[in-house]
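Common to both upcoming complexes is chain A, partnered first by chain B, then by chain C.
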Partner chain A sequence: MSSFFEIFDIYLLEAVLNGILLGGLLALLALGLNLIFGVIDVTWICYAELVMIGMYGMYYLVQYYGLSYYAAAPIAILLVAALGALLHLLVIAPLLSAAPINQLLATGGVLFVLQSFATVAFGIDFRNLGIRLPLLTLGDMHLSYSRLLAFAAALIGMVVVYLFMTRTFTGTAIRAIAQDRQIMALMGVDAKKIYVVTSALGGALAGLAACLLVLQYDVHPFVGLSFGPITFLICVLGGLGNFVGGFVAAFLFAEIISLGGLFSDLEWGYVLAFAFFIVMMFIRPAGLLARRS
Partner chain B sequence: MTLRPTSLNLIAGLVLIALPFVYRDPYHLHILILILIWSFAYTSWAVMGRFGLVSLGHGGFMGVGAYVTVLLWNHFGLSPWLGIPIALACAGLLALVVAYPCFRFRITGHYFALVTLALSGIVLQVITATRNHTGGSLGITPERTKGSHIWALQFDDKIVWYLIALGVWAGGLLIWSWIDRSMGRYAMEAISEDEDAAAAAGVNVTAQKLRITVISALMTAMAGAIYAQYQMFISPDTVSGIGISLQMVFAAVVGGIYVALGPTVGAIITILLAEVLRIGFGTKAVGWDNLVYGVLLVVFIIFLPKGILGSLLSSISTRSKRQNG
Partner chain C sequence: MLELKSVDAGYGSFHALFGVNLEVKAGEAVGVIGPNGAGKTTLMRVISGLIRPTKGSISMEGRDVLATPAHKIVELGIAHVPENRRLFPRLTVEDNLKMGAYMPAARARYAERLAFVFDLFPRMKERRHQLAGTMSGGEQQMCAIGRALMSDPKLLLLDEPSAGLAPVVVQQVFELVKRIRAGGPTVLIVEQNVQQVLQVVDRAYLLEAGAIRTSGSSAELLASDTIKQAYLGV
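Entry: the complex of A and B
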């Protein structure tokens, strides 16, 4: 009986740790989306598809052009950042004064475009980088090295964004716009330029997430659907535009998925997470950390 | 635009009913049936979408309608005649459970769209997770009946299905025009303009929104059930999930969500486009139809937010200098 509990605890601990590692990645995804929402007041439904394009970028850079992983990553990040800026200029900018729901639907159209572009251009085969990182063994626990790397890189990425937002002029302007978009124009801040910079930054975060996800998952045109919805739920749960809330919600979600998956199938972990989300909408409709009005 | 029992509508109806008896090409009939079923589904979405309640969860309702009906038939031998009402009840209940807190706590716009997105995610994951009963992502086929075809709601004759689909579609349009003429429409329009003002004017915001959401969910579940019975195969990709939810929004917006026949026009355009590309390019066309849809959706939202039919009708009515309702 005692041996049963030992094994059980080891699995539990492993699941908790894996949850934390997953949480780092989800927090990174949520950060990009929250940034866009907080500053431009737009939800990019196609955010996960930008990540998907970034994953394909990594795949082709590494497999076809023979670049090393670390040389390919900055290129992929720049590529997705450019895509983000382009998305803003082509789709969001003409709709800035339209109803918010139209902006949401237009990015939904972009989701279709990116998915089917990937289908047409890259085919529907599952592809992977062919890089297999070793498993780390701590006692009886097995942790994947790629997850650890992703966690560390996600944390570093978030710290860099934090420093950018607090220590640079552009970052300060971005935070100011998020607080009051009317007044900032009077203060001599070019809102249009800030929006493009923010979109590129959001894209760069998606690109970073792509570089990390491609280590763990195969790429296919519909891969975005497997983590896109989760990312939106995390942002809503944390309160759209609330960076800290999104961070907390990402780890909560990751733990629910990881622990739920321990006791049953992985899908039930997701079902639990979704159900938790809907229950939380009853209790805290404006987000986890929102004060009750 | 309201539908009145004018002679024009009557003639159009008779022509549509007579069509399969005159023209029997099975492939074209099949396309027509699909167009009618999906038109009904898109109309169901637009019933609430036109009031600014943008749901990305209708794939969930459609999945519930299709799966509950088929599972009851396969596992309990319950006829779809009983199974469909039960499926509708499930979808209605689901709509209530999700929509009530949303409306009670004033979750609107982006938030509402994302909460409903969670709903379609849940339904999809539950279908996949219970793969021992639902077939998971491989899909499920309703068992062929050994007894009465009517009892099993399974017909080999496409004409029967055409008439059923036509009836359901016409029913959808009737519900649309009933809502259009009801007081609820004015209440909903007031709510979509300004919730606080509507509430101050004595509109029960939560109840009105709930009513329209449940109607829309019931219709969508019905579309799912009819689709399952006709196609005799359902999978999460074809009746549920986020892809279907977005497809509904897309087709309805392209056709026009403010006019009764807008979603139907959207269905005609999208299905014909997919078929033409499929026939013209074969397997090479995989993905192209969605690429065209996506570009169209973005272009429409930016330049023609009223949709094809809506823009057409309003340009006709301004030209003839009539009041544009």
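Entry: the complex of A and C
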């Protein structure tokens, strides 16, 4: 009997750790979406599809052009950053003063365009980098090295964004524009330029997430569906546009999924997480850390 | 320095300014007084480019303000302290001041400008890490003026600096305006508080229903019957 509890505790600890590792990645995804929403007041429904394109970018750079993983990653990040800026200039900018539902439909349209484009251009096969990183054994626990790497890189990415947002003039302008966009011209700030920079930054975060996800998951045109909705729910749970709320919600969600998966199947972990989301929407409809107005 | 010639402006079908002629010379402090809804705020917004006039011309030191993109007007040396201060409430005092120094020329001298503003408002130095929205109205007004001064402007536009402040604080704000004047920039100030503003400015325009009704030196206006009856209540 005592040995049963020992094993159980090890599994529990492993699940908690895996939850934290997953949380880092989800927090990174949520940060990008929150940044766009908080600053431009637009929801990129197609955010996960940008990640999908980034994953394909990694796949081709590594498998076709023979680049090493670490050489391919910066290129993929830049590629998705450019895609983010392009998405803003071509789709969002003309609709900035349109009704929110139109903006939502337009980015929803981009979602299908990107999925269809990927299907036509890359086919529906599941592809991977062919890189298999070893398992890390800590006592009786097994942790995936690729998850640890993803977690560390996600944290570093978030710290870099934090420093950019707090230490630079452009970063401060990004935070300011979210609070009062009408008077930005009085500060000498070209709001249009700030929006493009913000979109490129959101794209770069999606690109970073792509580099990390492609280590753990195969890429196919619909891979966005497996983490797009959950990213969106995390942002809503944390309060759309609230960076800290999104960060907390990502780890909460990841732990529910991971621990729920421990007690039965992984799918049940997701069911629990979504049920938790629905309940929270009744209790705190404006998000976990809603600002009191 | 600043010259407006027969400026018309409005919002959609609503006409707010009719043929406004106004001039500010370097080194002067000029007031624009008038009742609520006379178009005073619109006048300020037209100068700083927040809205564009439908007719007329505006020049700053001989340069065409209307041909300058709105976010470049601050580079002509015009800084606007907007109505209701419009600080970024969830940024710190220092980050608000940083936004005032966004344009390249001011950014290069950020440390120097920050020291200047902290020298002028020691209170802002104490509160540099506080969120701007949590300060008192008077402190917020200091911060808003400080933010505008960060760009080292030649012309400072002040829109109702005394609005919503307690009488004691209003007194302090006008003292402040006097101190700023002594320090350099030319000042154009819009106020409903006629009695107070005429103590601070050299001359003033009376704006009523979107048109300049009269203008003159502070002494002339204080002595004029129209102003006395309508605005000073004597």
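One rule holds for everything that comes next: the second predicted complex is superposed on the first by the 290 of 293 C-alpha atoms of A that agree within 3 Å, B and C clash if a C-alpha of one lies under 4 Å from a C-alpha of the other, contacts with A are read in each partner's own complex, and residues count from 1 in each chain.
The definition used in the following text is that a contact is a pair of C-beta atoms (placed from the backbone, for glycine too) under 8 Å apart; a residue touches a chain by one contact, two chains touch by 3 or more.
Since this is a predicted model, take the numbers as computed values, not measurements.
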Clash or fit (per the criteria above) of chain B with chain C on chain A: fit
Chain B versus chain C as contact partner of A:L105, first or second or both or neither: first
Touching partner for A:M184 - first (chain B), second (chain C), both, neither: second
Partner chain(s) touched by A:P229 [first = chain B, second = chain C, both, neither]: first
Touched partner set for A:T137, first chain B, second chain C, both or neither: neither
Which of chain B and chain C A:F169 touches, first, second, both or neither: second
Chain A residues touched - chain C or chain B, whichever exceeds: B
Touched partner set for A:S97, first chain B, second chain C, both or neither: neither
Computed vertex angle (chain A) for partners chain B and chain C, CA, steps of 10°: 100
Distance of closest approach, chain C and chain B, by C-alpha atoms in Å: 21
Residues on chain A lying within both footprints (that of chain B and that of chain C): none
Sites on chain A touched by chain C in the complex: 169, 172-173, 175-176, 179-180, 182-191
Of chain B, residues touching chain A in the complex: 52, 54, 56, 97-98, 101-102, 105-107, 109-111, 113-115, 117-119, 121-122, 125-126, 128-129, 241-243, 246, 249-250, 253, 286-291, 293-298, 301-302, 305
Touching residues on chain C, where the partner in the complex is chain A: 48-50, 69-75, 79-80, 82, 86, 88-91, 95, 98-103, 106-107, 147, 151
Interfacial residue positions of chain A with respect to chain B in the complex: 37, 43, 91, 94-95, 98-102, 104-106, 108-120, 124, 221, 225, 228-230, 232-233, 235-236, 240, 265, 267-268, 270-271, 274-275, 277-278, 281-282, 285
